[in-house]
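Here chain A shows up in two complexes: once beside chain B, once beside chain C.
Showing the complex of A and B:
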């Protein structure tokens, strides 16, 4: 570590006084949750400058309704990433769920709820398979879920003969499309937003409970977690179950939002991972907050809205996502302490989620005169 | 530990990016076109269409073909041909049950799925009559390399009595098609073309310029001068789709219509709805032009959800859009890229085996569905599912309607 870390002692001069402002700057630039909130505000202000009508309640609600599925996916992805794994199968799973729903419901209103129930079981089943393969067969999650992504992609095309068939009912679609009060064209609070808020609250509560603590500890150091009595395989499998469930909800919301098309779900796994990383959650696990991951999803969607306002072609999206992933990972890997701590001061590693990092050796102090 | 974590994340990121790049550049054009990339690259015109994909001669020819009276039976448009030049096929005449081989680019979109069902049903007819003993199909799943080896396998097997090819891309597949021609078996190419005329017949509807022009002219006629049109496109750089836009771009630029934007959507309903919603937040949109109908309903819903009046709309002859059109009674046009062309290669093979003449370039009619025809087409297709194409042309086949409804 020390070889690649130049002693940047002059940076200590940036914070001659430990005032409120410099502390704020420290927080915002710390690569933690504060960075994504600051970024979110900047992007929103930029959109509002470009297009003041974006600030109208109806426009904001339309934006949130559109962003809801990605936020839900980001919650699921957060659970998996913070536990030290990946889930690349969620995009394919969303696509599969929408296609399954359209084919099985096929316009029959009475089929709506049974099929939704079946979708939840299918989503949990996929999560369970992912989790057990990763934890019991010791296949790296990157490979497991990449394989699952291809399996789902291929199986759905095999099953439908290449392209989706059937149609969704109004009862199914209202969750992604409708809202309260139920008058299209007027101001309404979309159901999708309400569902997302509920799931977000549930996720926050779960992360504050012992399961959440164990999940983070497992992601940080699974050996230490195992020695301290954690059933690592079951903790991680549950993370994949969460992810499968969230992908199912996202599928219901996306199917409701825009109906069934052959391309639904494509590339969503990368969107979700980008969102989580943007939220300051560390790839490899152990650090990050779920609220920041949700904010990351919101920021990513806002960023694409901004690009649209700037008339940038939508084909630029993958490139931007790539830059974000690299930049966020590089940023998270930068040594932080030396930028803000005065020379010679005792170091205290910044850990965004307040989780101590027992495995990181203390970096050598800049040579104090 | 920390170092290894960073390395792992870095490796994962690289893999992610690599996969992301792969997943976006697959040209899944929903339909084919009669133009070739090489043609389109040459002599780029400056006349209104500011596109390198615009070829004035092709544009003029296709627009003229729209009003041409095709030869052949009016009730069987899949056997009609516009301005045909017939070639002799006596050397391919063959008795008894024949083996027919088909190299398909893919069935990766509803248009191709619908067409392939029609094709299989037509094959069933000839199997029943004993003219086809075996129908062998290779699906290349939009992969050029796979399709090249598929065609090679047919040639090397040597027992195909005719080879039908629906090329995945134009330039890359040309040598493979030429190799198939050299094997001495009759080769039939349909939908997208190749840079060669070695095949016995090349079957395609009028083409992309006509498709794009139908919609653009409709919008210009039905909108007030100064109206705003949003163009929704699938992907850049696919010749068959670029031609549709090039024609529309030319017509819009010569009219008083303002094109407020052209956006690439990948045909994804969620993206389409998001983009249209954003345009509506910034100002009114009076018309929508689409280079393919995938996700058209999502665009219409964006107007509903924003509480805006329906635009003048160019969609396709896909049924979920046509049903939405009837339900909302909006001013719309269902552009058609004749799906019934999937029947024609089978019937062409039959003619070739009989030693009958076939057109060297078999241009099938292609006419859009207007508001006047809408109810009749929906009535005729009332049992058909969404994502089925109204002009599929299989109503008289014995498997109708179950083969298309139970897909």
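Showing the complex of A and C:
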């Protein structure tokens, strides 16, 4: 189900093959969670071959800093998607948060923290509204968040009169572009990366807790979840709250990294959904791991870096992106009996039919990332 | 209005009986909402001393309707099949370019241009349908990907407007017969064809069945892949017609048409029209009402000179509010067939490929709307 639950991974239900290696190969090619890690490595190797200097710690950190907002967004989107919904409003929300920050802070260093607090509240508020409309008013999340996207897009421009005004402070922007230790030009670990790691760990822990399990169960079959005592509406609303919070953090990071423009956040919702799906998370809910979703975001950003290295004309990039996401999902969806066969099914692909293999003690699973 | 459709067999209508017979179907509610919005619009415009139903306003409303209408009718087929098409905006742009560059200002090449544009559109639909049904890619991702591919091609190939539409064909965009634009007449023809397809023919019934529950449909002997491919080809064809219309209005083809948001707007219109986003229930007449609602909002905002940003806010809020208004009713378990009454399921893309819940297991279930027949 998710990489954070190795006990349920397919290998547990398959007849053991020769050694851990072929099992590992099978898992990597299985098209689910593990494929994205393989894809990520392939893309990284390709970039390194094209441009060996990319492997230097500073370049890697610069790359991670650029990728951090999308990873954070992917975490938030993962919560919503795994619970069986969509959130199309995150792109607008990121844009709205950046504009709000610029307008309210307006260069006043002392305003930085109060405004960040306000932004978090605003993000949670948007998530809460999304969640309640979806769960209590039963409006499909696609429509709810589409409407929210329009509302936010219009409201922010209405408020600022069309173009973003004000400016961000250094104290605000450091989160997106600064790092530890604070010596520009030398190696440093960007705050953005630290924040992303912390949020990633929190997400993994949350998904292992009862809430996470309930979330996945709700996404898999909300009727069954409801009959087993889950308050489906509250579980899903909390997923939207997470998404709103993550979009806020992403907004802070993007605002710090790239500054304020009118186009901030445009198209980010589709990027985030693409990243999550690239990570093997099934649209419609119930399947996929949060770490793989983060890896999907990283892969997407690595692909864009690769396109840069290949100096493709920028106009052709969407086409390549389209081919890749279709290919990745088609590959994951290829019929494989190992993924659909129930435990103990008579014909597992690794077991020649009719040859009962002796049960070998299960080998220790590779540590879950 | 009473032709609101589902695959209800004649007998299914008699299952729901009693007071429910008089309940308003979702299409009825949509038309009520439309009437309400028209009334409010007329009142607001009248308060400003204008007339909402003036010739100019009606013409604007109808021409807005026809553009989105074609795309939304196509989108209805796809959504009925529990699929989705996010590539329509790019298809509209592409077919307008193909038409304009093929015609190249030569009146004798009009039909060639029309055929070429529709062929390109149908080809995109075929690819969409094949990717979704044969490669089993989720429709959201498949059509998003195909759309991105087209976007990449268009941006690389066409820098700015190109081609020229002959004067004779520009009439498709501007001419009116009496007060009615030609494009609206074409839209009406397409609408009638669509309604007949969905309510009177086998492929139409199959679409409802596939959208209701694809596994049950397959077990009943329906070639589900064909239904999905057909729906996508029809959807893209409709988008192609919209592309022709846009080309006729502009007099040239333009790639930037894809920024007009036809993809999300058409989905909003379809859902506003009472078609379930999870497939299996809905009607083209409802979709038309949804399009009319969006178009009258646009018209009244225009007349009242509302700030374009405030327009977005209102449009978003109204879409949510309108869908919320009848979302509860649609999934009201009591409106399903009695047998499934206890198993009502919430709306949303919540049922994954393996999560087909019991609620979706009633492709021939009856809502109140059949009872109004």
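As a working rule, the second predicted complex is superposed on the first by the 299 of 369 C-alpha atoms of A that agree within 3 Å, B and C clash if a C-alpha of one lies under 4 Å from a C-alpha of the other, contacts with A are read in each partner's own complex, and residues count from 1 in each chain.
Note that a residue touches a chain if its C-beta (ideal position, glycine included) is under 8 Å from a C-beta of that chain, and two chains touch if they have at least 3 such contacts.
On a predicted model such as this, the values are computed, not experimentally measured, just so you know.
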Partner chain(s) touched by A:49 [first = chain B, second = chain C, both, neither]: neither
Partner chain in contact with A:86 - chain B first, chain C second, else both or neither: both
Partner chain in contact with A:147 - chain B first, chain C second, else both or neither: second
Partner chain(s) touched by A:232 [first = chain B, second = chain C, both, neither]: second
First (chain B), second (chain C), both or neither touched by A:254: first
Contacts of A:223 with chain B and chain C, given as first, second, both or neither: second
Which of chain B and chain C A:315 touches, first, second, both or neither: both
First (chain B), second (chain C), both or neither touched by A:333: both
Contacts of A:164 with chain B and chain C, given as first, second, both or neither: first
Intersection of chain A interface sets (partners chain B, chain C): 86, 142, 146, 157, 162, 221, 270, 273, 282-284, 313, 315, 318, 321-322, 325-326, 329, 333
Touching residues on chain A, where the partner in the complex is chain B: 1, 51, 53-54, 56, 58-59, 62, 66, 69, 86, 102, 106, 142, 146, 157, 160-167, 177, 184-186, 221, 254, 257-264, 266-267, 270, 273, 282-284, 305, 308-309, 311, 313-315, 318, 321-322, 325-326, 329, 333, 359-360
Residue ranges of chain A touching chain C (in the complex, touch as defined): 84-86, 133-135, 137-144, 146-151, 153-155, 157-158, 162, 219-224, 232, 270, 273-274, 277, 282-287, 313, 315-323, 325-326, 329-330, 333-335
Parts of chain B lying in touch with chain A, wherever the complex brings them together: 1-3, 5-6, 8-10, 12-13, 15-17, 19-21, 23-24, 106-110, 112-113, 116, 236, 261, 263-275, 277-278, 281-282, 294-295, 297-298, 301, 304-308, 320, 385-387, 407
In the complex with chain A, residue positions of chain C that touch it: 131, 135-138, 140-142, 144-153, 155-156, 264, 267-268, 271, 277-278, 307-317, 319-320, 323-324, 327-328, 331, 343, 345-355, 357-359
